[in-house]
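Next come two complexes, and both contain chain A; in the first it sits with chain B, in the second with chain C.
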Partner chain A sequence: MDYMLILPEIILTITGIVLILLDLGLAEDRKGAVPAVAGIGFLAALAGLGPSVGQNTQVLWQMYSIDSVSLFFRTLFLAVGFMAVLVSWEYARRTKMAIGEFYHLLVFTTLGMMLMASTHNLIVIYLGLELSSISSYVMAGMLQDEPRSGEAALKYFLIGSVASAIALFGMSLVYGLTGTTDIVDAVGRLQLAPPALVVTAGLFLLAGFGLKVGMVPFHMWIPDTYQGAPTPVTAFFSVGPKAAAMAAILRIFVLSFLGLPALGAGWRLMIAVLAAISMTFGNVTALLQTNVKRMLAYSSIAHVGYMLVGIAALPPRDLSAVLTYLAAYAIMNLGIFAVVILVEDQGQAPEIDAFRGLAYRAPWAAVAMAVFFLSLVGVPPTIGFFAKLQLFLAAVDAHMVWLGVILGINSAISVGYYYSVVKVSFLRDAEGVPPVRAAWTISAAVVLLAVGTLVAGIYSDTILRWTASGVTLLMR
Partner chain B sequence: MVSLHGYLVLAAFLFGLGLYGALARTNAIRILMAIELMLNAVNINLVAFAQYLTPGLVTGAVFAVFVITVAAAEAAVGLAIVLLVARQRGVIEVDKINLMKW
Partner chain C sequence: MNWQLVTFYILGLVILYAAYRVVTSAVITHAALWLAVALVGVAGIYLQLQAEFLAIIQVLIYVGAIVTIIIFAIMLSPLREIKTEEKDRRGGATRMGRAVASVEWGLAPVAAGLLFALGMTWAYSRQAWPVGSVPPGLITEPLGKSLMTTYLLPFEVASVLLLVAMVGAIVLAIRGQK
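Let's look at the complex of A and B:
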């Protein structure tokens, strides 16, 4: 039965509608229940993935793919959504955000990302993209009294809409060249189309989705949006919509552009060069930052560069390197943002100085932060190390040793700015900074993610095997 | 009858115009209008392709209907955000909205 396979999407839709109704019906002082409903919705949707395990089929008139790649992304997005509920709980209460609106937007953004990652059809990719984008523009501007939040929302909206329009123009060209919106059908027909037009369509798609993931030279909105948006929203943006756009790039490019024998080599070289520039630019600029949110924004540009290494190294290696890195990045980046939110919840601006003496104020949080930073740099035994190792091996296998070397050098550069935060936490005393009083939700998120970073590192073999099994399906 | 070529040239021109407007203008409302222009260029493309390349199949036209719907939603949210910024700052010129700079 088709409907059992899209159970998570159905549950999320119902949760979103229930949240809207709760927002309308509940008295202002009872809205505390709203995040709990959202969290339960995400957990129920995760449970709803059960019937999809091990399936490889197309449902809803060939519009929706249930395969192991889509299972991977749906699990990832639902888990990210659940963690976003945990990390935003106390923050939303403290900043008096419009809770009802915030959580239903979070649910619908997640739904849009799931649609985007589990389809071969350009129309559905576009609808998923817009459902998630339009909801997230609003989320960036949730702090109505904070001008930076409004500025972040405006910049995100303008750049995001231009990006959607550019990607859409590329989609219309693909449709014109092939007469179909199904990427799988389009692959064969693209090989008969004039190469110049195929390249044009590909460039539009790459520019559009490149803007969405924030790779250089399409990164300029990332720092402002990430700094201005409410921190839990930034945490969510940095992993969720990024991974969804990456999923769309994987589906479209791996299937229809990298696969073209005549053009494949040129695309791969271009993506490799963009990857190298993204990581170097992101890491070097991050060194100059004093605001931790802005620093992590530049760091996220660098991490997009790392992921592009995995795409450039296709097809000799499979997708497992990219997918593993996406999962690793989601865990460790959400973790580090959870620590930033924890510090902000003590009433401090997210400057590096706010982390002074964190090791004495909340030793467990400082240790967790160190684990996340070690993972982001790529130090064993964390998941970050194993994921980055896979990317490096992929680059070497694809005869792009230079790219692997740049990846290694960049990991070394990133130590510089990550260490600056760790240093003030452990080596400076806590004089003049408030003691840490953490709500149980944010503490639970920090601990869960820190344990996840270590445990996933130990079981990285299993993750690799799981992601590798999806490759053949995506490539079919 | 106009050839497919004509429609594609028109769409490319409109798209270029919209992209130029989005990049060169500083008033947020004007940028919003330029974005609408880009989306409508895509619609011309889609409908022209559907009519000339796959007569009888309406995939392209259906795609265009979805694009129109989404464009309306996007404009609604966009105007709300512009309104928020206008209320907070009193300006909607994007080059004057620069609290954050590195």
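Let's look at the complex of A and C:
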């Protein structure tokens, strides 16, 4: 039955609508129920994935793909959404955000990302993109008294609309060239189309989605938006929408453009070069930052570069390297942002100096932070190491050893700025900084993610085996 | 002479010029009215494609409802004119810099726009487009049927999208009024 397979999407839609109605009906001092309902909604939707496990089919008139790749991304997005509820709980209360609307938008952004990642149809990809983007623009501007938040929202909105328009134009070219909006149907006909036009369409699609993932040269909006948005929203942005746009790039490019006999090699080389530039630019610029949010924004540009390595190396290997890296990145980056939020909840601006003596104020948080940073650099036994190793091996297999070397050098560069935060939290005393009083939600998130980073690292071969079944199922 | 092509190019020029005026008008009401012109032009293209129902809907909803609401909103808000422009003129930008990069008449944006338009016109005229024309007859019925079958999912997602956009607009609009 079709509707059992889209149960998570149905549950999320209902949750979103319930949240906005609930917010209207609740007295001001009972608003705590709103994040609780959102969290339950995400968990219920995760449970609703049950019927989709092991399925490989398309439902709703070929518009929605239920395969292992979509299962991977839907699980990832729902888990990210749930963690976003945990990390934002105390933050939203403290900053007096419009709670009902915030969680309403969070739920629907997640829904949009799920739609984007589990369809072969350009129309649904576009609608999912818009659904997640429009909610994201508003979420970036939720801090009412903070001009930076408004600036973040406006910049994100302007750049995001341009990105959507560019991607849409590329889609219209694909439709014009092939007469179909279904990517899989389009492949054969794209091979017959004039190459100049196919390249134009591909460039538009790559630029549009490249803006969304924030790869160089389309990264200029990332630092300001990430710095100005409420920190839980930044945490969510750095993981969710990035992975969704990456999923769209995977479906569109792996299925069509990379597979074109005449042009595939050119696309791969271009993506490889973009990957190298993204990594290097992100890491080198991050070295210069003193604001931790801004530093992590540049770091996220570098991580997009790492993921692109996996895409450039795709044809000989399967999707497992990219998918594993996406999952690893989601865990460790959410984790590091959870620590930043924890520090901000003590009433401090997220400058490096705010982490002074964290090891004495909250040893568990400092240790967790060290784990996340080790994982982001790629040190064993964390998941970050195994994921990066896969990317490296993929690059070597694809005869792009130079790309693997750049990946390694960049990991070394990233130690520099990650270590600057670790240094002040372990080696500086905590004099004049308030002691840490953490709400249980944010503490739970930090601990869960830190344990996840370690456990996933130890069981990384299981994750690999699971994601390795991806590429055959991506086809119809 | 292919009259269909000629009318298409005329409509295209009208839409492009109107869209250009939407983004460059200093008075926000003028921008809204130029938007209406651009949208009517798009309705003309729908008519050319024999999608008469879409053309009517386009005029009814976009021109009749949305532009009207935009104009109402402008009337209700204190913001009538985009005032930043004057400050820019007095600001540090050199005459040379403005001549190259100004959004309204600078060399770089206009040249890029023209190049892109010419390139796409060339591409469109290459006749490599297999999309067939709509079969003759009313399209309303097949349109309605496909919305409820093939395109059911996009249709439903679009309605969720509108809900989210509405909530988002309200959240941003009540900023600072608490």
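The rule is short, and it goes like this: the second predicted complex is superposed on the first by the 474 of 476 C-alpha atoms of A that agree within 3 Å, B and C clash if a C-alpha of one lies under 4 Å from a C-alpha of the other, contacts with A are read in each partner's own complex, and residues count from 1 in each chain.
The rule is short, and it goes like this: a residue touches a chain if its C-beta (ideal position, glycine included) is under 8 Å from a C-beta of that chain, and two chains touch if they have at least 3 such contacts.
Treat the numbers as computed from the prediction; the structure is a model and nothing was measured.
Enquirer: With both complexes superposed on chain A, which partner does A:Glu101 reach: first (chain B), second (chain C), both or neither?
Expert: A:Glu101: touches chain C, not chain B.
Enquirer: Output check: A:Thr200 vs chain B and chain C. Expected answer is one of first, second, both, neither. What do you get?
Expert: second
Enquirer: So, does A:Gly141 touch the first partner chain B, the second partner chain C, both, or neither?
Expert: After superposition on chain A, A:Gly141 lies in contact with both partners, chain B and chain C.
Enquirer: Please indicate which partner A:Gly128 is in contact with in the superposed arrangement: first for chain B, second for chain C, both, or neither.
Expert: second
Enquirer: Regarding the shared-chain residue A:Leu111, is it in contact with chain B (first), chain C (second), both, or neither?
Expert: The second partner, chain C, only.
Enquirer: Applying the document's definition of touch, where does A:Glu151 land relative to chain B and chain C: first, second, both, or neither?
Expert: After superposition on chain A, A:Glu151 lies in contact with chain B alone.
Enquirer: May I ask you to decide whether A:Tyr64 touches chain B, chain C, both, or neither, giving the answer as first, second, both or neither?
Expert: Touch partner of A:Tyr64: chain C, not chain B.
Enquirer: Quick one: classify A:Ala165 as touching chain B (first), chain C (second), both or neither.
Expert: first
Enquirer: Pick one for A:Thr13: touches chain B only (first), chain C only (second), both, or neither.
Expert: In the superposed model, A:Thr13 contacts chain C only, not chain B.
Enquirer: Taking the stated contact definition, name every residue in chain A that is touched by chain B in one complex and by chain C in the other, in rising order.
Expert: Shared contact residues on chain A: 123, 127, 130, 134, 137-138, 141, 144, 150, 153, 175-176, 179.
Enquirer: If we count contacts the way the header does, which residues on chain B are in touch with chain A in the complex?
Expert: Of all residues in chain B, those touching chain A are 8, 15, 18-19, 22, 28, 31-32, 35, 38-39, 41-42, 45-46, 49, 53-54, 57, 59-60, 62-63, 66-67, 70, 73-74, 77-78, 80-82, 84-85, 88-89, 94, 97-100, 102.
Enquirer: So in the complex, the part of chain A that touches chain C is made up of which residues?
Expert: Going by the criterion above, the answer is residues 13, 16-17, 20, 60-61, 63-64, 98, 101, 104-105, 108, 111, 115, 121, 123-124, 127-128, 130-131, 134-135, 137-138, 141-142, 144, 150, 153, 175-179, 189, 193-194, 196-197, 200.
Enquirer: Inside the complex, what are the residues of chain C that reach chain A?
Expert: Spelled out, the residues of chain C in touch with chain A are 123, 126, 128-132, 149-154, 157-158, 160-161, 163-165, 167-168, 170-172, 174-176, 178.
Enquirer: Which residues of chain A touch chain B in their complex?
Expert: On the chain A side, the touching residues are 122-123, 126-127, 130, 134, 137-138, 141, 144, 147-148, 150-155, 157-158, 161-162, 164-166, 168-169, 171-173, 175-176, 179-181, 223-224, 227-228, 285, 288-289, 294.
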